[in-house]
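Pasting a structure here, questions to come.
Labels A, B and C are assigned to the chains in the order they are written; within every chain, residues are numbered from 1.
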Amino acid sequence: MTDLLNVENLRTVFETGEGTVQAVRGVSFSVRAGEVVGLVGESGSGKSVTARSLIRLIQPPGRIAAGKIEFDGEDLLGKTEKELRGIRGNRISMIFQDPMTSLNPVVRVGRQMTEVIRRHRKLGKEEARKTAIELLRQVGIPSPETRIDQYPHEFSGGMRQRVMIAMALSCKPQLLIADEPTTALDVTVQAQILHLIRELKDSTRTAVLMITHDLGVVAQICSRVVVMYGGLIMEEGPVERIFAAPRHPYTQGLLRSIPRPGTEEGKQRLTAIEGTPPNLADPPPGCPFRERCPHAMEVCAQMPHYTETELGHRALCWLLDNSRQTEASAVPEKGARV
Amino acid sequence: MNTMRLRHLRSQFRQQKTGVAALVILTVFVLVSLFAFLVPHDPNLIVVMERLQPPSAQHWFGTDDYGRDYLARALYGGRVSLAVGFLSMAIAVCVGTIVGTASGYFGGWVDNVLMRIVDVLMSIPSFFLMLILNAYLKPGIGTIILIIGALSWMNIARIVRAEAMSIKQREYVLYARVSGQAPSRIIAKHIIPNVMPTIIVSATINIASAILMESSLSFLGLGVKQPNSSWGSMLNDAQGFIVDAPYMAVFPGLFILLTVLSFNFLGDVFRAAFEPKANKR
Amino acid sequence: MNGNIGETADNREVLLNVRGLKKYFPIRGDQRKSVVKAVDDVSFHIRRGETFGLVGESGCGKSTTGRSIVRLHDVTEGSIEFGGVDVARMSERQLKPFRQRMQAIFQDPYSSLNPGMNVLQIISEPMEIHRFGSRTEIRERTLDFLERVGLKAAHAERYPHEFSGGQRQRIGIARALSVNPEFILCDEPLSALDVSVQAQVVNMLEDFQAEFGLTYLFIAHDLSMVRHISDRIGVMYKGRLVEVAPSEELYRNPAHPYTRALLAAIPVPDPKVRQGMPPIYSESEECGEREEWIEIAPEHFVSARRDRI
């Protein structure tokens, strides 16, 4: 399978009063057609900035300082703003965390949808409306014929997120970027939305980049996982391998810090990762996880290399690096590809 | 005011040069009117021989129709105008803050009663009310300050009330209540310090409008009485000589304009620095 | 197994006993004086040293229940017995001693600390209210608690904005603990924190519970963390308590259809267990009015119609 999206050595910085914040410090990964990739990290890990950089939604004082973003063979960073508008919302769609603020409260849902549909597809008013109703039905909104003429406040949070998904899918995008789409929703609604995304992926072959902090969501919906920390990718691999045999101490810590319901001794003490994430205005040299890492060594003050431990599974850690593998691994600046 | 807010304020001043200019102008005005006695002329000394002299080396701002040194009068007049501005603002801020926080924090019938009073006061044109009050009360600067202060706190009260209502929902206020803190202390320690930025912004705007109001009253001959002067009364006196001695209107007019503009610019800087979005997280 | 839980728990004294709690909010500007029944006839008890979890989705009334118990709200009806004394109708003056015995930790570490006060002032505030000695004594106690929650004495002069979310939540915990409470309301204390930091806070709460014999009412929507920390759990739906059970029992044998729907919806952090479409619970299945509170196993209560059990 070929790569639909290919990101190489992406760097995004924010100029603030306190100096330059390096939110994304050289990130490389790819998304293949029809797969769901999870981009996991805590707040400040750079996962959301990475997602927004992909469709160049970074506003000053932020800017993309370096890197290459290739989408379906086209270089997105070289495009003009006008060319990008033809791609955004059309071939790449995005849904956000808060469905309450993503819709214009004073415009009927139907009109907001038909506007998007007609911007990207040459359809008459009536046809666009029919398409919109069909989409609403597809995302599981009951009696879409009447719902389409209602205002956003007449929809519940979950229903609004469905509308957002319907709008995002209206132009049959090749890639859907979902930035914490279920974080603001109740757990039962979240389950329905996740189910919906999974079904749509199967029926439309849309690739999904799922940004989340919830490892449960990742396990349920993703086929591959990219773990970010301190603006860098710490580990990347197939979801089964990441959960069964995490190679990076950060991923290991993250998985240990969530309660595992399956275990009989449910009252076991959680293993927390002590400390706090690094300040990206002044990131420490070397591995960003060094100060919280139980295995930290002297060499960790230098930036480690990516080591591919098995096919498609790589991690940024000195522990995995032995002399034999040093030559094989590449420095992150060059964007080790897998 | 904590260090974070000071830092935001400093960076705003660095960005907005008009703010710096406003601060300089106001400082100069305040200092100059404080040290007005250094001017070698008596503002009230009438020298009939020297009446209506244009600006010269001896009388920098010229003289008025009684031959009084106009510079000295302008400086002493500035004292009155600025004092009226600051003191009536202080009254308005105190009343407005107390009413606004009480209304916003307690809500219910307290809020209802206080806000109806505000509504009533705001529905009467305050300038009109001032004219009437002024007719019944003993004229003088003190009266003017009291009247302006008493009639300009309503806007502050409304803004403070809205802010207090939102701060009341913050969890540190909930915690203070759970830990058994008395309402008076919650208001003093948790509500007012966090409404302070809003209060400062409205206070700067309030000074400006108080100075304008005093000028208008004096311009109508209802404010400061002869031989004392304020910028407004000087403008009033200049009316008759607008053709012969235009400088008599220009100087006080310019000072009023600069002061009011400066306070407004200062208000903008404060607002930008304290804007919750600018310093969130 | 079930019997065991009941026996060990029974030995402990009931610290908090909530009976028939109702909290109705009037709808503003409504002429017919209709109300929102945020909490409708909720009864449960918490034993000393126990953690009682209260779960449910947004708007189910779990937070209103918690806040009514610490009397941030005036309750509409019902009793709240704390240590055998009903505090439901007490005036603020009568409540004062209880304000020291019942403390609270809130959700948003960004809004739970006054941004204009430094850490020393924040933590010493409740001690000043409840007269915990002289200035220097309070200061020493503050520094002691700062270190207990893993911060340094040097942090005392700093302001909240200089701390991360997890550190702020620790400051909030230190503040609540400083007055020797018996009971702490934990109102969604984890939901604003990162995964790795959540575990730190949970461990800390458990350690302090063991050390001081604290009793927690733990309100959350993250069901896996609630299961981990709670001894017993109550499930709320639309202002009503639909099920109460020891936590393992609840997860193993959920009886109420809403509980089942809720538990089935938790995403399992294991890619080998792929969940299907969760069951959707709609209220029409059950008729709240005709339901009774039935004990189906020791300590396991469910709101159901007797003919359906």
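Here is the rule we use: a residue touches a chain if its C-beta (ideal position, glycine included) is under 8 Å from a C-beta of that chain, and two chains touch if they have at least 3 such contacts.
Given the structure is predicted, the values throughout are model-derived calculations rather than measurements.
Chain centres were defined as the mean of their Cα atoms; on that basis the chain farthest from chain C turns out to be B. Annotation: A-C is the more contact-rich of the chain pairs B-C and A-C, by number of C-beta pairs in contact.
Chain A and chain B have Cα centroids separated by 53 Å. Centroid to centroid, with C-alpha atoms defining each point, chain B and chain C lie 49 Å apart. One finds 32 Å separating the Cα centroids of chain A and chain C.
The touching residues of chain A, counted against chain C in their complex, run 42-43, 186-192, 194-195, 213-220, 222, 239-240, 243, 253-255, 257-262, 266-267, 269-274, 276-277. Within the complex, the chain B residues that touch chain C are 1-4, 170-172, 174-181, 189-190, 193-194, 281. Of all residues in chain C, only 57-58, 164-167, 194-200, 202-203, 206, 221, 223-225, 227-228, 247-248, 251, 261-262, 264-278, 280-281 touch chain A in the complex they form.
Taken together, the chain C residues at the contact with chain B in this complex read 67, 70, 72, 92, 95-96, 99-100, 102-104, 106-108, 110-117, 125-126, 129-130, 159, 161, 172, 175, 179, 185.
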